[in-house]
Amino acid sequence: MAGTSNPTQIDGQLFEFLLRQGDNVLVLGHRTSEWCGVAPALEEDIALTNTALDLIGQTQLWLGYAGEVEGKGRSANDLAFLRDVYDFRNVLMLEVPNEDFGRTLMRQFLFDAFQVPWLTALCASSNQNVADIAAKSVKEAIYHLDRSTETVIALGDGTEESNARMQSALDYLWPYVGELFGEDDVDKAMHEAGVAPMPATLRGDWETTVNSTLSQACLTLPDSKFAHSGGRTGFRHTEHLGHMLATMQTLQRSYPGAAW
Amino acid sequence: MAGTSNPTQIDGQLFEFLLRQGDNVLVLGHRTSEWCGVAPALEEDIALTNTALDLIGQTQLWLGYAGEVEGKGRSANDLAFLRDVYDFRNVLMLEVPNEDFGRTLMRQFLFDAFQVPWLTALCASSNQNVADIAAKSVKEAIYHLDRSTETVIALGDGTEESNARMQSALDYLWPYVGELFGEDDVDKAMHEAGVAPMPATLRGDWETTVNSTLSQACLTLPDSKFAHSGGRTGFRHTEHLGHMLATMQTLQRSYPGAAW
Amino acid sequence: PAKLAAFQVRIDAGEKIEPKDWMPEGYRKTLIRQVGQHAHSEIVGQLPEGNWITRAPTLERKANLLAKVQDEAGHGLYLYCAAETLGVSRDEMTEMLLDGRMKYSSIFNYPTLTWADMGAVGWLVDGAAIMNQVPLQRTSYGPYARAMVRVCKEESFHQRQGFHIMMAMVNGNAEQKRMAQDALNRTWYPALMMFGPSDKDSVHSSQSMAWKIKINTNDELRQKFVDETVPQAEYLGLTIPDEGLTWNEETGHYDYTEPDWNEFFDVISGNGPCNVDRLSARQKAWDDGAWLRDAMTAHAAKKATRNLAAE
Amino acid sequence: PAKLAAFQVRIDAGEKIEPKDWMPEGYRKTLIRQVGQHAHSEIVGQLPEGNWITRAPTLERKANLLAKVQDEAGHGLYLYCAAETLGVSRDEMTEMLLDGRMKYSSIFNYPTLTWADMGAVGWLVDGAAIMNQVPLQRTSYGPYARAMVRVCKEESFHQRQGFHIMMAMVNGNAEQKRMAQDALNRTWYPALMMFGPSDKDSVHSSQSMAWKIKINTNDELRQKFVDETVPQAEYLGLTIPDEGLTWNEETGHYDYTEPDWNEFFDVISGNGPCNVDRLSARQKAWDDGAWLRDAMTAHAAKKATRNLAAE
């Protein structure tokens, strides 16, 4: 199944693939954690912190395995705290600022609606480690999707102001969703090796979830088909990621080699 | 004049004194620079950037000399970019966030009104380097004070909203002004050595300037006498400084030893 | 007065008072003040540690810290619920916090300045809190006592977590050791102040003790805290910033220097290092969240109407 | 038409048109569009570099960057003044920028992601800007031509500064070299796009050239830029990300691959990587500054009244 690729190539591509999984949850987990203690209501605060905790747990698994595959002795922490922007592989949508709680929840929903079918598919991965991590993560993702769906509907179908905020969140985020379904050599190699499906094959499922939820939320899908890219290849992140990393990495960068 | 202190003690105290001077302008220069490109009007943007430039120039002089006095081979950049919060010696007022342009200008004014008599006095320092740096800096400080006085008056005596904003800026900053006039062993040692006057002796001058300006600005002096402290000794900064340093120091911390 | 006497008899017999039972107005008021203040302390107490969540040095530490701050939100929730059984809503209490009518623990008006503060806060602040809270599991008001059982279980976990952070720091490099000592230097006296003023200066105390809302005196608890903490500091190799600290063979306790009570009263009256920033952070969260709370209410109402129409 | 002919005679004779002179409506409109767009580019152009001011790696670099961004504000100011002589106010132009009726250079819709971008922007973006602007010192409209003289002097200084940053990076450690190459990779094609679409696809061009509002064609300037930049990249030891780049002995120029014009039209139509963020940053600065601008006006009015009363 591996076609013409040699083992080193496959490992390199698997490493890239794993970084994409790990960086997505690392970066979203970080953004989510920014709400801890200052969310609009105690119940929301607790629920969102719970999500952040799950995402950080998933980060440890994906990046831990990425480090093993790379074989240079880098731990999950090394990968999280000692790479600069261009070595990050998360989709751009997850690194843009939280703005208000509405945008935060809308992003969570758009991502959860992808993660559930995606992780479900990965449970059948030819790579046992990938399948195991996916199996553990998908349970959490299903719960996140339940919650974010419910909240997006409540806020879309709440007041005039909340509807306007959710619509503007959706409009802002929309050009970033296309990147979730990107396809490049890494995707093809993973597909050929049976590690993962092509992301584009999930678009139908994703649209079904999204259309149904957004219609219940009285929100209008933007009609633009334009899609930003550059996050999952690392070619061009947004300016926001660098600021996030300056904060996130400050201790590891300031005290190299220290154990915490 | 040096009394009972031995030369090493005096050098240590001179080093502390120089850090206080340098960190004040470093930290305020950084805060001021945060406005570059996003100030409320082009003319304000240019003027404020000019102030930031002057302050950073002064930082190079004070910290450069501090590094010499310390005698451990640290440059102004080393001191600026490779110390953690508790080694900073600026007064707390200068590290709190800019908030709006009103608070930024009010802080600038309250500080300028101190710097002008302070630097004027330092021009007569027994330490020639201190006198030289002060002589260069005081010209800039006089210009800053002219401008910040004018702006504080205009904004205080503008609209109802602008008056309320300036009053709330003044109320917020007031508990931080007392630290400018602090006195401790370092101050005493500098006074005894003829390096600098006791800061408290400038309070009268400062109050004259401030009272006259604030009354023209239709603003009311808060009547609290409470004064925060902890910045100029480093004992207890605010939580804001650490965030500022995470941003400011990110490159030097991430790429130790690199030349830029 | 007969009712009052009967009430005191129940208290003395160790019975729990429940929300529907008769209770004196003073008992209710004192409890609302105490439980509300405790709840607010949990909420405001999220801020100093929340300050380091985005800068936690490893994924593990970040997860631990998130979980801890989340627990504090949970404690806030239990305690607001307990207070609500006394006839005051969470929103009312929040407004009283924001306009200054209700207080929170003075300790949270101190800043967290280095990562070692995450250790010091867990070790000393949660340590002092536990010392205060363990006896409150036996308080006379049922809902409060039950809330405290849950709270105490988690707090002791937090304290251990804080101590482990300190351990890592003192076993680390020279900078880390310095951070640990610095954090202890800044946190020691504020932690001692957490038990409140000396018994002789403390208001409300005797009636609260008779009602079993308060179980021990401030000075008793403070002494217990010092006695337990000194050996822990020694174990860590850190120096408590009190030159007057000595073991007193006669009393079997440590003698220690009283905190600067002027500082305490400054902090209580709004002049702590962070009072203004803490309250404005809560105010901002409250104001920024208004649209969301309104939307949730509006949506729930719409849903109820639709369900009714569908029946 | 006689007036029009006379106007063209003046232009052809190299005379400068001044604000009070008669001019065709189309000339005025085209100039407002061009000068306004240029002014807006200076203002929006502060943002990508402003993004690194708080993270500049040394005090010297921070001062240089501040001075540069300040120069851009100054250029904006000259150019708005030049545009105002054509009968449109700065506030009107700002509103047109914010609501999308006026544009700014597409290059500023690309993000600055590492410190090396401060080098690449100076070297390539200011380099391309100079290539565009030097001829405009000879443009037919007096105030615009004079503004460009001041602008060009400073821009060439900025370009040198950018090149020096690149030098420091390529002479630095491996990570720094990597950053420098990465910055070139991302900036090359967007810089080529700064000269606008190929002559055959460019609107407005021939009339603008007849009026000497535009002096060279887009393709001429782009070729000149490539020819000057390739040896500089070689000197830096960096690889231009174009496998089709070759020296053409016959033409005496470099052959190069055209940029992806679809990307250019995406960016122009609002879909660049940063369009939304750039405009919302300007919008926020404008909205947040409203109270201040109002206060300044109110204070000036009060002062004038007081002065009048005092006379």
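Chains here go by letter, A, B, C and D, matching the order in which they are written, and residues are numbered from 1 within each.
Following the convention adopted for this analysis, contacts are C-beta pairs under 8 Å (C-beta built on N, C-alpha and C of every residue); 3 or more make two chains touch, one makes a residue touch a chain.
This one's a predicted model, so the numbers in the text were calculated from it and none came from an experiment.
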Chain pair, A-C or B-C, that carries the greater number of C-beta contacts: A-C
Taking the mean of the CA coordinates per chain, how far is subunit B from subunit D in Å? 36
Which residues belonging to subunit B are in contact with no fewer than two other chains? 84, 246-247, 250
Subunit C residues touching 2+ other chains are 55, 175
Is the way these chains touch best called a line, a ring, a star, complete, or other? other
What residues of subunit A sit close enough to touch subunit B in their complex? 84, 243, 245-247, 249-250, 253-254, 256
Over in the complex, which subunit C residues touch subunit B? Could you list them? 48, 51, 55, 110-114, 175, 182, 186, 266, 271, 273-274, 276-277
Under the stated contact criterion, what part of subunit A meets subunit D in this complex? 84-86, 172, 175, 224, 226, 228, 230, 235-239, 241-242, 246
Tell me, which parts of subunit D touch subunit B in their complex? 43, 46-47, 49-50, 53-63, 66-67, 69-70, 73-74, 76-77, 80, 115, 165, 168, 171-173, 175-176, 281, 284-285, 288-296, 298-300, 302
Which of the residues in subunit B end up touching subunit D in this complex? 30, 33-34, 36-46, 49-50, 52-53, 56-57, 59-60, 76-77, 80-81, 100-102, 153-155, 157-159, 161-162, 165, 247-248, 250-252, 255, 257-260
